[in-house]
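Just dropping this structure here.
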Amino acid sequence: MSRYKELKERCYRSNMEIPEKGLAIYTFGNVSARNPGEDVFAIKPSGVSYDELKPDDIVIVDMEGHSVEGDLRPSSDTMTHAVLYRTYAGLGGIVHTHSTYAVAWAQAKRAVPIYGTTHADHLAGNIPVTEVMSDQMIKGDYEEQTGYQILNALKDQKLSVEEVQMILVASHGPFTWGSTPEKAVYNAAVLEELCRMALFTEQINPDAGRMKQALIDKHYMRKHGKDAYYGQS
Amino acid sequence: MSRYKELKERCYRSNMEIPEKGLAIYTFGNVSARNPGEDVFAIKPSGVSYDELKPDDIVIVDMEGHSVEGDLRPSSDTMTHAVLYRTYAGLGGIVHTHSTYAVAWAQAKRAVPIYGTTHADHLAGNIPVTEVMSDQMIKGDYEEQTGYQILNALKDQKLSVEEVQMILVASHGPFTWGSTPEKAVYNAAVLEELCRMALFTEQINPDAGRMKQALIDKHYMRKHGKDAYYGQS
Amino acid sequence: MSRYKELKERCYRSNMEIPEKGLAIYTFGNVSARNPGEDVFAIKPSGVSYDELKPDDIVIVDMEGHSVEGDLRPSSDTMTHAVLYRTYAGLGGIVHTHSTYAVAWAQAKRAVPIYGTTHADHLAGNIPVTEVMSDQMIKGDYEEQTGYQILNALKDQKLSVEEVQMILVASHGPFTWGSTPEKAVYNAAVLEELCRMALFTEQINPDAGRMKQALIDKHYMRKHGKDAYYGQS
Amino acid sequence: MSRYKELKERCYRSNMEIPEKGLAIYTFGNVSARNPGEDVFAIKPSGVSYDELKPDDIVIVDMEGHSVEGDLRPSSDTMTHAVLYRTYAGLGGIVHTHSTYAVAWAQAKRAVPIYGTTHADHLAGNIPVTEVMSDQMIKGDYEEQTGYQILNALKDQKLSVEEVQMILVASHGPFTWGSTPEKAVYNAAVLEELCRMALFTEQINPDAGRMKQALIDKHYMRKHGKDAYYGQS
């Protein structure tokens, strides 16, 4: 029996949440999962639609994207995941979707302004968007470069991967992450909802303006950091 | 057996209507319930998602938000509910959601104009929005201050809590109430629908204009007051 | 056994299509049904929500809206239906909903422009909107006057009730009809879809412009009139 | 037993995907299927709603649209399908729907700009729109002329039917195709999603601008052509 059986099951279940939550149709998304400290991760196979996906189809790859276990070719986006896992030891899950509203903001090449507490409960600033990828990066190993495109954006905008767990890749779509694959999927669903709310907010009032800083701080700190008092733990 | 068994069941069922009616995802909402004349109320525990919630998880708290029965920490919004219950003896239920369109209007910091009879069947004026909370209030007991933020808005705008059973907290989202928790959930669902209709109305005709006063009066009075003739009672 | 048993069953089933097709929440709609040539009709009772409605709850009323059979009070909109049935002998069903996009156009007080063949398959011109009701009409028998508001609009705009089976009552919402209650419900669902399509069309291209007349005529005639060749009959 | 039994079953199943995927209501769509090299095709009967459709209702017609097998009249759009099958030997399936957002772009008479990778994964340029049909063509055999309207647009815009598998017929709605009926349905669902994404993109940023050419080429080539590396084959 595979030593990765549990990881593959968990990766499978997280992948199945993508269509269940309406975050993508057909094969338009992928979730990966890593056990903390391990140098392999589990990921969806390429081009397999969710309604045909089985736990045993999940592929185990190393940090160079080479297959360690599994008969199928891993997601074409595998190297994007690998770059992020290699850089951030704390990541346990990564999600890429083509959810409608997050893609629309990514295609619009705009960061999502922080308009209200639903947003501030999850991050304390705008949802970042990367630069458009340079021609040179596109001509390189494209999927690996997508990982660097994300790293560059986080670095340039001085964002912490713990505090900001979602990003829009310009002209492409969203990536989210977390300490577990379940948390990364949660972030993908929250991101889609924040993107819907922000668009409608601007339609109702183009001059709505960013929410005030004191309220951002208050809501973010209710849920994060040492004085958090939301939830049961 | 708990003397609050029935109240907890009813609070549980009303909470479960939130995801069933698509008014919030994950843990983004809470419903409380009070028996008329009692000085305790039932409320959802903090950070428990709807698909894990059980009737026994519901917490009974007093009017200062202290737990009277239940093992879990009550909703972080408990003090907002407490302030409203303390002030208005007639309230039997309060609902807070992050439903998409109501949040968008709250983030846009605009009252929802009364454009048609669907709206006038429920209240005879615009759906009110509070002021943005002052820095001083944010630095106080935030959730309790949210209650006062609502009270201030109702008072400043000379609104009756019986006639106006819904409000948008600026940069945050909707609160609704009623004589029972079921009525408060009904108001939350109606509010979301009115918010959708109002946005689309403005998109179709930015100069639509408020509906005429005589029609507002007629529709509101069909359903409310001593000459109401809608329904079976 | 009631001589109206079959009519009540049919009226019940047509009413149940309203929530099933997402055309209204709670009690926000009503369907009536009449057998051709009869001087009574069946209609939903007032204020009963769809998930509690039973076939025996359906009320039979005469053309003055007086109850002929049934224990419940008929829909508060009964007299609007009565006026239409009295005027047009060919009507076998009438539907009133508060479906989201049709209400938005009604609140915007705009006729829905004929932009494409989906629309022209059903009517050969814009979807009409009534005038806003005068104060005098509002102060009269309001629901009966709503019927006259519809008749006036059809007359003023020289529209045939056979060719145009849907209308928007300004500041209120849609009414549809047909030779059977099933056809009237079909028209309510089609109307909602046409209203969605028209809004998005204008958002994509504010200068889209009405479709050309020759194409309107062609599509309308494919499905209507003596040379129709759509369908199986 | 019919020699076309398998083709009819397959055509039936593909037709049933239209309502299952929310691409049309009632009878607003049709799918046809052809075995490569055969000079007949299977198509939905006219005016039969999806919830009544059975495999045996599917009609087999020749390339002039004459019925070869089946008791029902074939779709009124049969000749549009026939023209495309006659012209392009490689087509195995054609889909026509009235899906909401694709219709809206068709009614807006605008090609859908290529804004992001979801789009570029499927075609390497804008989604084309035909010219409005001339009065003369409308007065001819309308459905056959709709086929020519599509052929003219592909020819005028120098588009390959293998590379571009979807088009918007102006003032009407979408047609999609593929080497199989399943692929044609897939394209219809993808088209609807691309149309939603593009509208929201323009609402978020009217100056979003077409995605850069190098990125279009990269994404299209990941999935198409001899160096494709997406999927399992």
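Going by the order they are written in, the chains are A, B, C and D; count residues from 1 in each one.
The rule is short, and it goes like this: a contact is a pair of C-beta atoms (placed from the backbone, for glycine too) under 8 Å apart; a residue touches a chain by one contact, two chains touch by 3 or more.
None of the values given here were measured: they were computed from a predicted structure.
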Report summary line: Rotating subunit C so its CA atoms sit on subunit D gives an angle in degrees, to the nearest 5, of 90
**Report entry** Fraction-based call for subunit D against subunit A, same above half, different below
**Finding:** different
**Report entry** Whole-Å separation of chain centres (CA-atom averages), subunit A against subunit B
**Finding:** 33
**Report entry** Of all residues in subunit B, the ones touching two or more other chains
**Finding:** 203
Requested in this report: Pull out all the chain pairs that touch, please.
Outcome: A-B, A-D, B-C, C-D
Report task. Under the touch definition given earlier, write down the residues of subunit A that touch subunit D in their complex. Result -> 25-26, 28, 45-48, 72-73, 76, 98, 100-101, 103-110, 132-133, 135, 138-139, 142, 171-173, 199, 202-203
Report summary line: Residue positions on subunit D within touch of subunit A in the complex are 115-118, 186, 189-190, 193, 196-198, 200-201, 203-205, 208, 211-212, 214-215, 218, 222, 229-232
